[in-house]
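Per-chain residue numbering starts at 1, and chain names A, B, C, D, E and F are given in the order in which the chains are listed.
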Amino acid sequence: MNLFDLEKHINEILKVEQFDDYCKNGIQVEGRHEVKKIAIGVSYNNTFFESVKSWGPDAILVHHGLFGKGVIDITGYKKKRIENLIKNDISLLGYHLPLDASFEYGNNSEFLRKLGIEIVEEFTFGYKGKLKEKVEFQNLIKQVKEIINNQKLIYYENKKYSKNITVVSGSGANFIEKLDPEVDTYITGSVEEHTRDIAKDMGVNFINAGHYSTETFGIKRLGKYLEEKFDLEVKYFEYYNEV
Amino acid sequence: MNLFDLEKHINEILKVEQFDDYCKNGIQVEGRHEVKKIAIGVSYNNTFFESVKSWGPDAILVHHGLFGKGVIDITGYKKKRIENLIKNDISLLGYHLPLDASFEYGNNSEFLRKLGIEIVEEFTFGYKGKLKEKVEFQNLIKQVKEIINNQKLIYYENKKYSKNITVVSGSGANFIEKLDPEVDTYITGSVEEHTRDIAKDMGVNFINAGHYSTETFGIKRLGKYLEEKFDLEVKYFEYYNEV
Amino acid sequence: MNLFDLEKHINEILKVEQFDDYCKNGIQVEGRHEVKKIAIGVSYNNTFFESVKSWGPDAILVHHGLFGKGVIDITGYKKKRIENLIKNDISLLGYHLPLDASFEYGNNSEFLRKLGIEIVEEFTFGYKGKLKEKVEFQNLIKQVKEIINNQKLIYYENKKYSKNITVVSGSGANFIEKLDPEVDTYITGSVEEHTRDIAKDMGVNFINAGHYSTETFGIKRLGKYLEEKFDLEVKYFEYYNEV
Amino acid sequence: MNLFDLEKHINEILKVEQFDDYCKNGIQVEGRHEVKKIAIGVSYNNTFFESVKSWGPDAILVHHGLFGKGVIDITGYKKKRIENLIKNDISLLGYHLPLDASFEYGNNSEFLRKLGIEIVEEFTFGYKGKLKEKVEFQNLIKQVKEIINNQKLIYYENKKYSKNITVVSGSGANFIEKLDPEVDTYITGSVEEHTRDIAKDMGVNFINAGHYSTETFGIKRLGKYLEEKFDLEVKYFEYYNEV
Amino acid sequence: MNLFDLEKHINEILKVEQFDDYCKNGIQVEGRHEVKKIAIGVSYNNTFFESVKSWGPDAILVHHGLFGKGVIDITGYKKKRIENLIKNDISLLGYHLPLDASFEYGNNSEFLRKLGIEIVEEFTFGYKGKLKEKVEFQNLIKQVKEIINNQKLIYYENKKYSKNITVVSGSGANFIEKLDPEVDTYITGSVEEHTRDIAKDMGVNFINAGHYSTETFGIKRLGKYLEEKFDLEVKYFEYYNEV
Amino acid sequence: MNLFDLEKHINEILKVEQFDDYCKNGIQVEGRHEVKKIAIGVSYNNTFFESVKSWGPDAILVHHGLFGKGVIDITGYKKKRIENLIKNDISLLGYHLPLDASFEYGNNSEFLRKLGIEIVEEFTFGYKGKLKEKVEFQNLIKQVKEIINNQKLIYYENKKYSKNITVVSGSGANFIEKLDPEVDTYITGSVEEHTRDIAKDMGVNFINAGHYSTETFGIKRLGKYLEEKFDLEVKYFEYYNEV
């Protein structure tokens, strides 16, 4: 498949033009134009590169590619990350906020579907969901843990039951202040020093399920879609991160 | 002591006018004007308030007071935090960035002094320091742990030894990209998903010593100074936070 | 009635989300959640508060509540205004630009209706209206005076007759420069040093009918609506201001 | 005297380059280059122009010239104001904020000197002054009235005596919130609907001495200086404005 | 015809309200209100003025009128340009970006129509077109030259044939970087030092057909339309510019 | 010499930290750290790269390196430019505005020195100079041509003689409006459609001496300095550009 056709297709299904992001969503580094094998993962870096290299991908497709705005500056740790791609003629495609927010292929919608929670409405880059029946918060924690391979959780219990549950993958801790009053439980991928007491003073249950662990769903879903839709070999490479 | 004289004095020694912050540095909520007893701590919230209330302070002085910019909005969890102060006629004074950055009374300069590291120059809101002799990174970790009461650390070892050490208290993880090439070790109070691999690709040792744990030094140092300088009773209230 | 349901309802009928204002439109200070009695007025301040206190309102609803953008700063004259509310558990709701601009409940549309002038189109936060027959400007002045209880007017006569009349309540003097050429008469609630000669050089009649006096219509109209629609006691408190 | 030399000299003594204003400070419309006669006044407009025309000035020098930022647009009431100058080959020079703020030639410093009040420090575009002995506020009002030819004042008495007095000429009403606590009396040239109650809730005396009436001092002082310094005929043209 | 009716009509057909420009699009200097004769041209300046003066126009209508944003400043070379209009009571109307971009009356759509190229889609302020059959680039150059009266061209040949051709009149050289990959030839009215090598490294043919020469089409087309539609005498005045 | 020591030294002598530019001034692409041979030139692109490659430079140092602000986007024509460097392990250093403006090593100061004109003061990124005796403008043109190897000039004569001469290398045409009245001649490296008539209406002589041709002086001067100061081989590569 042609690299630019691939980019155009993903840009359309993820509605890339609707997002103002601090990375380019699409081709960040241009490699060979004929794409047959795509390595996917959560985050691009030199360790990730080494783990996919021998598989021989034509392109790497990740949630966290190369970040940053400003003048062109290919030095320091970024230089090696770019050099690895260019010397091996491998393209890097990154999709950040569009892959959090997508209803079809996104981290948050997938998370809620895996928990069996019906999606009710958008909330920043995530979604608010509603359970048919309330569950004990301790039960919900167990279900979350199963989905994310027993990642260690930081959680704050301020209500015995959960029913209206909002999920924002990644660094979403500060969005807790914007929850509507109906929400009893907030799941995200980060926690700040002030989060414990804001959750307590708001009376809301809180779960930090990990930045990495909440962001594997979207890229896997997207990879599967591409493999089925086009004549492509797609392989997910795990490089686990406790944060 | 008069409340406004107290504020004026602290504003001067912390050079408040030099900072563009997302909270007011100074009196955030005005209570009784005669101040004899000051409760100090890292973060103001309703649990903290309950713990200091019976001691009968005239004012509360913290590093994390009331944050946020925008139109006046005394609702939700903030309403109760303000109500507690107003109904008890207790003032709230907050000093944020000036208390990170101060050379005399700051979180970072105090941290380096406790580790016996000579301060070399400013770095964002913290400081760069230099050891006379290099130490093994694993040794440095032990020393850091002692200072912060065995707070659990997340660390990434990318060099065997440490000698040039930069410290930024609180949410400083992203400043790692701005370190000058001489620095071998970065200590801060937060960690992001990408920090592990940026540290690795840069070849820099990294320690997340906790947001709370890196920010007790400044307020304690300031409290001691005020107690000695003026006719005031000052008491530190611990409300530990693992984050 | 529940406080948050009340806010939600007013926000909807005044289309609050369409305005970028320098105050919050809605609940500015949260008091008791059950609302039965609402004191309404033009402007909230300590004198106004004293005058409504003995009536025992659950909430105060005004056009001018608490203004200002920036970091949280509950000191000086604002502190007492907030303290009065919090110590008495009374909510403050403010609606500023949405209450100037509303076609149904606004200061300007009501003003024109009281003068018997047909509304033609929007103009900034006010409206342009058209009389069926032109009237002498001196006659129009008399009619305006009747509506605003003989408030002393500053006016500049530059045409003998009025027919196309634009009204902007409050501090609208500078909008005179944006009038379309058809307008012969501009009524607003403020006057600047340069207004006299801009009106003269434009050849437009000008009336300053007072900031306060042009802004009682909307809040009264809204109060009456709420009283009829819901099970609420609503009372308007006059605190006249010649400006 | 050459027009550009004149501009250069005034720009220097008023420190024009220090101000970010919403008009050009200097030559706004270029007329004949040889300047012998200068008509001065507070505000330029067509009525003012007619009153000075027969005297035959080479240049008009005012505090309020042509205001506004944006694309070039010589239409409507501004067109005639510019045409009058160009057809008669008369220059227009305007000095706005620099003429409020100047210590030597400014509206505010002159005002305080005329009241016999010692200037203590700058305050926005005006000055804070201090009397040797406190005076009754009612007495101060009388003195102010004498200086400004019995202009009708709006004032709010909230303290019996005045000693620390701040003056900001023109539209300064909203700066009342920034006064330091020592100030007991604020004199300015405008008043807003909320000023009465902010002054009351702050406990500060307030005088609106008129926009026009507080802004004749600077231009007169500057005119006198130019007449004495250079070989120029300078004449002040009064066009009184009650606002 | 009335001047303001004329402006209103042109504003509508050129969709002026859709553009954020660095000049006013419409009446820039207001002259006599009754318009019978309109002199049109590309650029207004004193030489252009002298050439149209004896013809006795009521208004001048150009693509490049008076440019610049900021405070009112009628000095230097702009003063004479304005004086010429005001002393002769002639209006100046300028239409800049709307006259580049208009599909009906624009510089770029007219250019493509004259070359017999079908317009496919908008591109910044110009259009992308497509030929039915590819032509040799050297042939295209000849056709362009004929249309613009043998203006000397700077061109860079990087492909033998042209088929997908994008045109942006005036200073469009830097838009070359935004061309979509299908475009093989870019025609504009300027060239920068880096253009030659960007065109070469992109593999795109480039023609600088001159700022002036690419911008006569729109104003002529608009002039003809106005002459036919209204009872007006319209005359184009050539003042050729090799740039 | 070490690459980072080289960058640090140039940054200091060109006062890089004083400029807000649309490229990084310093290392734009990091190559090998040991630098012995430096290829210098005006503009980096793929043709320039091919011409220097066989000489075997460790670093390329130019006035025009990689431009643009925004998210990381290594695609299109920029991809090949970066690839050439990375695959050959050659660094790219770019110095833009600091190399125009430098008094010691800059394009403009060097230009004036070569013309034997004394530098009087800074003007934007260039300098104003003064001749001891006025020269005929046609004579000045001849001298300029000699310095820039008979580059074809566009010039506009509006005064017979030149004495006060301002020079701004590169795209400086629009700065003509900011010249002080004493300047009779402006030399720059670009020309716009409106320049001819602004120069004429201002009465100022104008020379467009070419973007490339006005910008060889600084980089040559810097190269010579580096060669003499350090143990480096430095070679200038001409890739002439008529623009």
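Everything below uses one rule, namely that contacts are C-beta pairs under 8 Å (C-beta built on N, C-alpha and C of every residue); 3 or more make two chains touch, one makes a residue touch a chain.
For each chain, UniProt lists the protein as follows: A, B, C, D, E, F = Dinuclear metal center protein, YbgI/SA1388 family.
As the structure is a computational prediction, the values presented were derived from the model and not from experiment.
Novice: Looking at C-D, B-C or A-F, which one is a repeat of the E-F interface (more than half the contact pairs shared)?
Specialist: Within C-D, B-C or A-F, the interface duplicating E-F belongs to C-D.
Novice: Averaging over Cα atoms per chain, report the distance between subunit B and subunit F in Å.
Specialist: 48
Novice: What whole-Å value do you get for the distance between subunit A and subunit B if each is reduced to the mean of its CA atoms?
Specialist: Subunit A and subunit B have C-alpha centres separated by 31 Å.
Novice: Using Cα averages as centroids, what's the distance between subunit D and subunit E in whole Å?
Specialist: Computed value for the inter-centroid distance: 46 Å.
Novice: Pull out every residue in subunit B that's touching 2 or more other chains.
Specialist: 67, 76 - these are the residues of subunit B that touch more than one other chain.
Novice: Which word fits the touch map of the chains here: line, ring, star, complete or other?
Specialist: Contact pattern: a closed ring, each chain touching exactly two others.
Novice: Can you list the ring's chains in order, from subunit E toward subunit F?
Specialist: E, F, A, B, C, D
Novice: Could you please specify the touching residues of subunit B with respect to subunit A in the complex?
Specialist: So the residues of subunit B in touch with subunit A come to 43, 45-48, 64, 67, 76-77, 80-81, 154, 170-171, 177, 189, 191-198, 200-202, 211-212, 215, 241-243.
Novice: Please name which positions on subunit B make contact with subunit C in the complex.
Specialist: So the residues of subunit B touching subunit C come out as 21-24, 27-30, 66-76, 78-79, 82-83, 86-87.
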